[in-house]
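Can you keep this structure in mind? I'll have questions shortly.
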Amino acid sequence: MHKLTLLGTGLIGLFYTMALHKRRGYDKIYVVYSRTRSNAQSFAEQWGISKWTTNLKEAIEDPETDVVVVALPNFLHKEAVIMAAEAGKVVLCTKPLGRNAEEALSMLEAVEKAGVFHGYLEDLVYTPKTLKALEFVGTGALGTILWVRSRETHAGPHSAWFWDPELAGGGAIIDMGCHCIEIARNFIGKDIRPVEVICWADTLVHPIASEDHGIGLVRFENGVIAQFEVSWAFRGGMDLRDEVVGTDGTIWINHFLRTGLEVFTAAGGKGYISEKAESESGWLFPVGDEVHALGYPNMFDDMLNALDEGKAPMETFYDGYVVNAIIDACYRSVKSKRWEPVQLEVWRGKPKQTEKKRPIEYEDKYILIKEERMPNGKVKLLLKEKHTNKIVEKIIPK
Amino acid sequence: MHKLTLLGTGLIGLFYTMALHKRRGYDKIYVVYSRTRSNAQSFAEQWGISKWTTNLKEAIEDPETDVVVVALPNFLHKEAVIMAAEAGKVVLCTKPLGRNAEEALSMLEAVEKAGVFHGYLEDLVYTPKTLKALEFVGTGALGTILWVRSRETHAGPHSAWFWDPELAGGGAIIDMGCHCIEIARNFIGKDIRPVEVICWADTLVHPIASEDHGIGLVRFENGVIAQFEVSWAFRGGMDLRDEVVGTDGTIWINHFLRTGLEVFTAAGGKGYISEKAESESGWLFPVGDEVHALGYPNMFDDMLNALDEGKAPMETFYDGYVVNAIIDACYRSVKSKRWEPVQLEVWRGKPKQTEKKRPIEYEDKYILIKEERMPNGKVKLLLKEKHTNKIVEKIIPK
Amino acid sequence: MHKLTLLGTGLIGLFYTMALHKRRGYDKIYVVYSRTRSNAQSFAEQWGISKWTTNLKEAIEDPETDVVVVALPNFLHKEAVIMAAEAGKVVLCTKPLGRNAEEALSMLEAVEKAGVFHGYLEDLVYTPKTLKALEFVGTGALGTILWVRSRETHAGPHSAWFWDPELAGGGAIIDMGCHCIEIARNFIGKDIRPVEVICWADTLVHPIASEDHGIGLVRFENGVIAQFEVSWAFRGGMDLRDEVVGTDGTIWINHFLRTGLEVFTAAGGKGYISEKAESESGWLFPVGDEVHALGYPNMFDDMLNALDEGKAPMETFYDGYVVNAIIDACYRSVKSKRWEPVQLEVWRGKPKQTEKKRPIEYEDKYILIKEERMPNGKVKLLLKEKHTNKIVEKIIPK
Amino acid sequence: MHKLTLLGTGLIGLFYTMALHKRRGYDKIYVVYSRTRSNAQSFAEQWGISKWTTNLKEAIEDPETDVVVVALPNFLHKEAVIMAAEAGKVVLCTKPLGRNAEEALSMLEAVEKAGVFHGYLEDLVYTPKTLKALEFVGTGALGTILWVRSRETHAGPHSAWFWDPELAGGGAIIDMGCHCIEIARNFIGKDIRPVEVICWADTLVHPIASEDHGIGLVRFENGVIAQFEVSWAFRGGMDLRDEVVGTDGTIWINHFLRTGLEVFTAAGGKGYISEKAESESGWLFPVGDEVHALGYPNMFDDMLNALDEGKAPMETFYDGYVVNAIIDACYRSVKSKRWEPVQLEVWRGKPKQTEKKRPIEYEDKYILIKEERMPNGKVKLLLKEKHTNKIVEKIIPK
């Protein structure tokens, strides 16, 4: 049972609180901090939180709480995390960890130096569908992973600071690419080193200084590719989709816009549908339980179970640091217009590895390329002759 | 915080336990009962339950527990519920409440006489999608409800007793129709009286005495129709879909087979996919968090919150009784091959009501029937002349 | 190569003409008839049709044309068909054939007496998906068919005469139930006799004398059930879905509202989307090629190929007659509130048949009821002991 | 009415023939050529084609045919096209036009020098869904186009020559990227110049010399981005999906794997499902009319209508040349690991253009960035102060 200090009362603080307070659970927020007095007070009242304050230090050092949850804008993470680490508190920090790898690394060093438990609140890794998909990948159902695509697009974030690259550390890529990259790392294997990136970004629509659209590829040491697509210029709602392709299978995940609840309303105009929904009449696609679909309850369960059991959670500050380092390379690539290496001062995964694919043999002298059933019902084999490297076809009757 | 006695360690007992024990919650099962010693013991060990027993009375009367959860086969509900009521315990009973309305009514009388809190564990009313859909209906987004269709089909249940009509009280209709009927009642309004039913059922496939397929219509006093389709002869997995049609809108819910997680595996054969999945390779459609998708955690939250707050839960034994009465009428209709009245000795909803539809007028002398945009881009109005009742058309240019 | 006389310039005449004139085909409409002069003339101009007339006899007896296509309102079918038969022309008549079985039978007798080729223009049997699904059923992929569900719902038809039960022969059931019933017959086997029906219908929304919603079950001699759901009170577009369930498989067809083309528009208001679409902004679901998706080109190909090859087409007037006879029984059942026999004066299918199901044996003394993989990964068998009829369980380890 | 010479009897020749011969059309193949005698002969017999030959020149110069359809492997396009142009015949050539831009340009020059009608057989631009989506884009429903994503992935092609980079001109990118690029050009506007590309490719799975996976971005002069993803290493069938994102809307197209026909079969093993389907039991997703879904009939209609009307078809050799030039740049980028310019010796679109976005003003002193409805039901505006460039928030009550 834990008492938590929550720093921040924006949308993410709200979702965290819903995850903890909307169920019959024994972990509750006990102190809430906001920079704005009225926000702190009304949030505390709404959610039955015992104390509220506009004093950051007081919130962090409250003697009744043992866990500090950082749900502040990006530019305030570092200060809050270091203060919490120095206070000897457990620190859970929202995504992205830092505005860049340098900030992230200093936060990682702070918690490790202080010896406090730390968790990186990357919620999308904890969605029911991601966890189930990771189980499938774990059973070998997909064979060897080859390609992971992750996408988060909507019409833009809901608070002013996101749109200022100084305060946020970038635009759509730092905001949402961090989700995509960490989702991909979980499917690919976190101990596989990300080697280099190519990334394009542009400001397509909005009158802002940061990018509102970005696409990037991350190449891992074993040749696997993670692809992310992020946009603040997408119309139609919040689109969260992931795809995992392996030698033996594929997974398609749709977390949000098409999950089996479809509503047509000619009446319309009835209020909140789901996060970043854009229409209020016609066909709507709400999410049954948005907070659960986004992974928040599972995330806190994992974090606090790990804390109680003296283990590391699924996502740590080190993961947050790796993500920031990849994003830094992305921003360099946007400028240089070429592949850029991922600079990881600290690498805790596998050393360089060499894996050999074993080709499938066919009748001694061939290697099988593929087989396919044709419209006439017959199966065609494509074979490579081992000695000549010539590719030949062979028809197998129905 | 509650300590629960769980009666029964079958699939439904397992799901209930997963709902309570797989999260950081303060309500836990403290005693588990099974008719089979080894089941009781291994279940207790697996889920960290303090006590196990094969003595029903001992389980129910355990002085440490205040809530009894009945997760037994249908033919054992009545005995367990009455015993628990007499022990002064809170009683939560799985669906269907009784094998027929007579059993259900005697259970209702027992808990009301004993003055104990009682809840009807109809989980599908609590799925995230049903709850969200009920919110939409509550806002008026669908206008007046006209028709609710609910369907549950799969390839048949997993325990022997389901297949014996004596023990179960029937076949597919008592097993799954109870879900469909109660889902429909929630959308239509529980205070609207169900008046009559027509039902067809047959044993299409299995070598059994009870029906493995049934389709029924329930007419409510205000003319709304609830339609259910249940089958133990469906192939492809467990299909749980609901549809709500109102004057101004439609809701389609897919709880299980198409929820946004799609897996292709050529490797296959890797174990449990989702409840009643039938294939283990090719395209699979697992559910991210099956227990949540089926409504179990929300159901226990509602039940125990209501208990703590001294309110009635969303689903009570009275609801279970109404459902049984409707199903009794269905079975009569299967035999008589005609509409049969729903016999409700106890009716606690609205008395007979008379609602008048107000037609939409158009230019004083017409009533609007409908408008539609045609392929040539023009809009056509269909109007009824008030005085002649003649139906005429009127074209409105683009 | 054929020259056709088209009778009727409404929506159905338009779709027929698009099917024939929008491709590089050698069959063209040569004469078009409408009761309204301006319609006949403008239709002929738009589609490059050589002649137009408001004289039915002249249209039918035009010496240049050999095929008469009846695309008139229901109450005009009989007169036109008989006139065409007497003129010795090929007759293709739109659905439903008659307003009732009596009309249909007299039309059937007229064409057979005249010895002319006749086709029943039931387009939905010819959609690309229905044809492909029929192929699957033909291969045995679904085993023995058990249940066919067909549904057509939208917000109501586009012409005044549909809404008048005298002119149309009924309401939503005669209008759309005819599609559903014939789709089902194709999957079940046209030579299996429909025996009896139960049907409910009501006027839920519109200020009209005919039903705007109906649900019916048709029982065939082999126990197979066809279920139809039709409504003019559905909101959200035109919903055309079919389902076929067999002992070994299932087919789900969605012809219209969810076919893989999804459009979100915040701009909106741009004209025709698809037939009976109800929204023009937000998420829209247009159909790529509506005319093809509805089966019209395939239908004319089959009709005219059959004509050229001296064979019967897939759908004849006899089929139209059987459909009308089933619908007549439906309307009787709506009134009598009980199952009503299908009265077929002429039956050309199989005589009464008796098919025996062979149960699957298991280890000599058991009959297999079903098997299912449980959440713990083990497979459970449900078995019936042959001698005792007792149902027992058997667990098979992973 | 045209008589066609078909060169090639592989899968693409088969689809072309099905498009022309499976309907009651007046254009037919009259001569068929294959390098293999038995293929030519059996193909001619199967499809009722009058003449067959293994002599290319004879096929092309046949005095009865006026149109030559090139459906040969990539390395044979140039020779056949030039021979047909010199013979004064209409030339329709399958995709990609050449193995590279140099080959494509020489073909373009040959047909233009000869003054013959030429069409580029890019079928996916003609699918019913692409055409309908282009209509939507044309109405302004999506506002200004920003991003087009097109994807084609499957488990690899069905003939040996595809796998040999010398014969094919590359691997998955030349094979399928050509589709994606031309789809994107149609949505973006063919007169907008493609400027530069970045592309990654690798051989992830197969024992071959060419790439089996590639992802590329094409930047157009107006800043719009076309993204393609192609793979011969995808498992689960043939995945053809396109996405178009504009300032005011989004289009999602799924041509193949999820089009509204879903089949579950436990029986399985019944033959051909759809092109490149990988499973034959469990859940299958066949396409109703594959040939139509892939655009072939529409393509020939457009080509031959254009020919008859003396107009250019939707897709010409010039389009094929531009596509090849973009792919050449892609292959250079794969090697250089940086953005590469698209080298177009011949550019027939718009000269360099400059378009200015006009920001949306709000209350004089602000520019609107976005608005969003929050979970509490209120709408939040994000505004940029014109003078300070500061981003501020404004809450609008429900």
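To keep things simple, chains are lettered A, B, C and D as they appear, and every chain counts its residues starting from 1.
Throughout what follows, a residue touches a chain if its C-beta (ideal position, glycine included) is under 8 Å from a C-beta of that chain, and two chains touch if they have at least 3 such contacts.
Fair warning: this is a prediction, and the values are worked out from it, not measured in the lab.
Student: In the touch network of chains, how many steps separate chain A from chain C on the shortest route?
Tutor: Shortest path length, in steps: 1.
Student: More contacting C-beta pairs: B-D or A-D?
Tutor: A-D
Student: What is the distance, in whole Å, between the centres of chain A and chain B, each centre taken as the mean of its C-alpha atoms?
Tutor: Centres of chain A and chain B (C-alpha means) sit 35 Å apart.
Student: Centre to centre, by mean C-alpha position, how many angstrom separate chain A and chain D?
Tutor: Roughly 33 Å separates the two chain centres.
Student: Averaging over Cα atoms per chain, report the distance between chain B and chain D in Å.
Tutor: 48
Student: Quick one: which residues in chain C touch 2 or more of the other chains?
Tutor: Counting only residues that touch two or more other chains, chain C contributes 142, 235-236, 248-250, 264, 266, 271.
Student: Quick one: which bits of chain D touch chain B in the complex? Just the residue numbers, please.
Tutor: Touch residues, chain D against chain B: 235-237, 264, 266, 278-279, 281-285.
Student: Give every residue of chain D touching chain C within the complex, in rising order.
Tutor: Residues in contact with chain C: 23-27, 127-133, 136, 139-143, 248-255, 258-268, 270-271, 286-289, 292-293, 297-298, 300-301, 304-305.
Student: Under the stated contact criterion, what part of chain C meets chain B in this complex?
Tutor: 11, 14, 142, 146-147, 149, 153, 155-156, 158-161, 163-164, 198, 200, 202, 204-208, 213, 215, 217, 219, 223, 225, 227, 229, 231-236, 245-250, 271-273, 275-277, 280, 336-339, 357, 359, 367, 369-370, 372-377, 380, 382, 384, 391-393, 398
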